[in-house]
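Dropping the structure in here first, questions after.
Letters A, B, C and D mark the chains in the order given here, with residues in each chain numbered from 1 onward.
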């Protein structure tokens, strides 16, 4: 697999009820994102509410999006699970649907040690039918994939990169130092607030949730950073931070970001904003705040 | 459902390979535990490695144990999941197999707020075909079920109790104060080191992992505490602490307890000690330490 | 030093302004506590806001209380500090004033390793003019004094006991198992909700903040537990939990407990409730809730 | 006070015994750092082991360094304390010695709420004789200075900036977005691994521990970032990361960084590497590893 460079939006999963995919919304959202010039698509990540969906629903969604994308960009599928066997099964389905790689955070119930993580990821990569991206997500899985662990795993022929959602840039710089020069291992940053500085320092791209709404903005940031065009980066960063501090901070939820993204897409007429348990979508008052934030960003709300 | 009082062992899941149940071992272990006079059995909890098993394997295990128990004691089944739908499906299967209740910790990927927990557990209890026990497990799921949350949920007609594995006794005493007198809501303590003091202060029983190995010891502690026989409690507590400080502390793993229980059962000839990923069973040196600890406890190793 | 057994109230520090001791209030509070039959007094602990006071203020307070107590009960003084030298100086002052022992939590800025804790406490105990009690307070100092560390330190001739404020009873039971039988090492529990069950299981007493307000209640619990009188324990525990759940839970502060204790003492006419930075005392509305809680407990508010 | 821009090394405190300053080493270290072209000097921070030193020792050190610097660069003094009164006293001393500003992290024993932090810092800034820099250090003080808190405090006329040592760049970008354009409020980053990307994105400078050893390296990075010279930044970043991953990672201590810096300065013949409790300096084997790392960096060890 050729290394993917650029913006890889972690797609939300449009729902219209418990475990009911909003199929028309999914098609519209896919086209909306692809029209922004993104370089790949990542399904069933944290932003995709993967863990909250039944397996049937996850399988259906992968199939639907892969069919819609139809090879225009590479599709990555999240197979993060606590059961290795379920990860492998979902990966086999993803391969059949045309996905090019899978992504897995650490098993997230019982917190494993670093040695156990090495054994787990090795067994997983051995069993998978597709290349594997590691996914560092300590706030959700309770453990870091420490740099020494990542260095060991990066030598596995079927492990091809890492997405870091820790926001800890000392950690990410350490990975860049050890692995940044390798053609066969890609490093992506999760938080969209950090795509500019990460790419300018050598990262391969960003897996940025805001690209569900404004895909071209993050693509522009990616190119500005690749071109070392710092003045353009400053201007784009202000817009990215306006999104981050207005759309993602309504309410005092750990999930305010996710609720904001879904609500915004609904206001823009792209897809439904139903959320799976334990989350509930924004109601009237919060929705009004998201609408106001979108308008301040120059977006036209369809409703 | 009549309230269950006493010792409810959280059964380990005997395995002989990835997602392969050790069926003969399961039968032997079931009989071993029941022979100790326990008051119920809890399958697919943390000790049962539930999250690491495929769904197929979980379903098989519930069926196998329910058939073997054949109504001699009530069977509870863990349905902890990040997907509400998968919890409900597993509960339906458990009901069909003859289980009397299910147990669920909070969804454990994205950490929910207390309000989200109330909505989640209400929706779950509404949908379940069996009564529900709450399960407080903050070290694994990252959130406490706060006392005010538990008080609200305790009024749901289908929520019948709580198991607390936090080891935080100020928390547990707060639950006892608010809910300890209710006939329709049971309070159990997870850590076996605390069963004596919890029951003597008013708890309904213990969900103690050591009861896989030495079921009668925890049953004796339960009765001594019910009888306010403090001198006997002191003697039993020394034995319980000897187990805790020798069998559960080999290696520096978060999972040392679980590895120790499985290894001990293997040394006693009861069942295989294969562990599902991300865990690996103890090897030669650690196994020798478990053997020595068992011998110091007067247990006869069959190997 | 003969082991102290029983209730050792962690005295609040009555203030009437920044670093200004309420001297009359201190005298009244000392007499109020001693009248309850407590077995010792502990100054400058967490409840005493020690870290928030200037050294001058700490020195004055030790002198004032020691003079007032005049040997009627042993006085212990908190010397918890990040600078070993300042701890030793304060201990020398405490010895001169007549204190019989000092108490020290781990240095609380940079989190030390267990090996560093052993070296630190050894150096401290070597340098101190008085016997030392260890103080396990992980929520404030970020590290546990692990059982193996405590076992090592318990062999130092000048280290004579430990107070545990973790509320983690598995931890405390482990200490009781390893050190509970020793005449030269005492084990106290901090949270007053746990004094009954801890003493009945073998602890030497409780360092309970509520004993500032209702000293005789905790003394009664201590004796009931010593006598294995479980029925009396149950009755006392209900009162203790009523205090805990009404006086200590006003507002959503980490310091609600401390604010509640000071406010209650002010309402009872015992001492001023000024608090040192970063805390501020309760204002009108919160004060009314504390008054109501006190009245429900049968206490007469003087104001 | 004019805003300070550039590299502000957090100076270590050279010691030759408990609370004994290595005065000759301090003079040599001061000259070594100033020779590197740094823009200011910060005494008694985390890297300065301030909390471990007696007050007498802290006062002496401030006096000694201020006299040596003699106005060549501005001197900032850490007054982080749990007692507001002690902070103010130390600040008065610093002002008398010629320091231009002070720096304070949150009080670090009892964790305050954000509202309590606002009241605390307001009272502190009101009482201080010098301008105040906030210091965000969540790993040590347990709380973040949240963006809304910082925004409120930034309006206080005596609060002039913030140093962030969280390594959380989403947090830092949020501060840059809200406060980055203000002439009267400076934003510095603590971790030296992040100085390049922070300054290129708009930060005012770095408070970088490695500048004790290699001051000119961080000064070069500062200028390269100011000039948007990304290629030079890449080359300097490799050197900075080599330092970070070789000098700061010997042993498995939370304090490996600090031990590494002191040991390196001792090997370079600049000052003694005694450490105050609870830390101990590196011994033979670890020292050999630091020597090797220094040699790989092209530094000449004098010993």
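In the analysis below, a residue touches a chain if its C-beta (ideal position, glycine included) is under 8 Å from a C-beta of that chain, and two chains touch if they have at least 3 such contacts.
All values derive from a computational prediction rather than experimental measurement.
Engineer: On the document's contact criterion, could you list the chains that touch chain C and likewise touch chain D?
Structural biologist: Shared contacts of chain C and chain D: no chain.
Engineer: With one step meaning two chains touch, work out the least steps from chain B to chain D.
Structural biologist: Each step joins two touching chains, and the minimum needed here is 2.
Engineer: Report back the single chain whose CA centre is most distant from the CA centre of chain B.
Structural biologist: D
Engineer: As a quick test, compute the distance in whole Å between the mean CA positions of chain A and chain D.
Structural biologist: 35
Engineer: What whole-number Å value describes the gap between the mean CA coordinates of chain A and chain C?
Structural biologist: About 49 Å, centre to centre.
Engineer: Show the residues in chain C shared as contacts by 2 or more other chains, in ascending order.
Structural biologist: Answer for chain C, listing residues that touch two or more other chains: there are none.
Engineer: Among line, ring, star, complete and other, which one matches the pattern of chain touches?
Structural biologist: ring
Engineer: Chain pairs in touch?
Structural biologist: Contact pairs between chains: A-B, A-D, B-C, C-D.
Engineer: Could you please specify the touching residues of chain B with respect to chain A in the complex?
Structural biologist: 18-19, 46, 51-55, 57, 82-86, 89, 106-113, 116-117, 119-120, 123-124, 140-142, 252-255, 258, 276-280
Engineer: List the residues on chain D that touch chain A in their complex, please.
Structural biologist: The contact residues of chain D facing chain A are 167-171, 173-174, 176-178, 191, 193-194, 196-198, 200-202, 228, 230-231, 233-234, 237-238, 241-242, 244-245.
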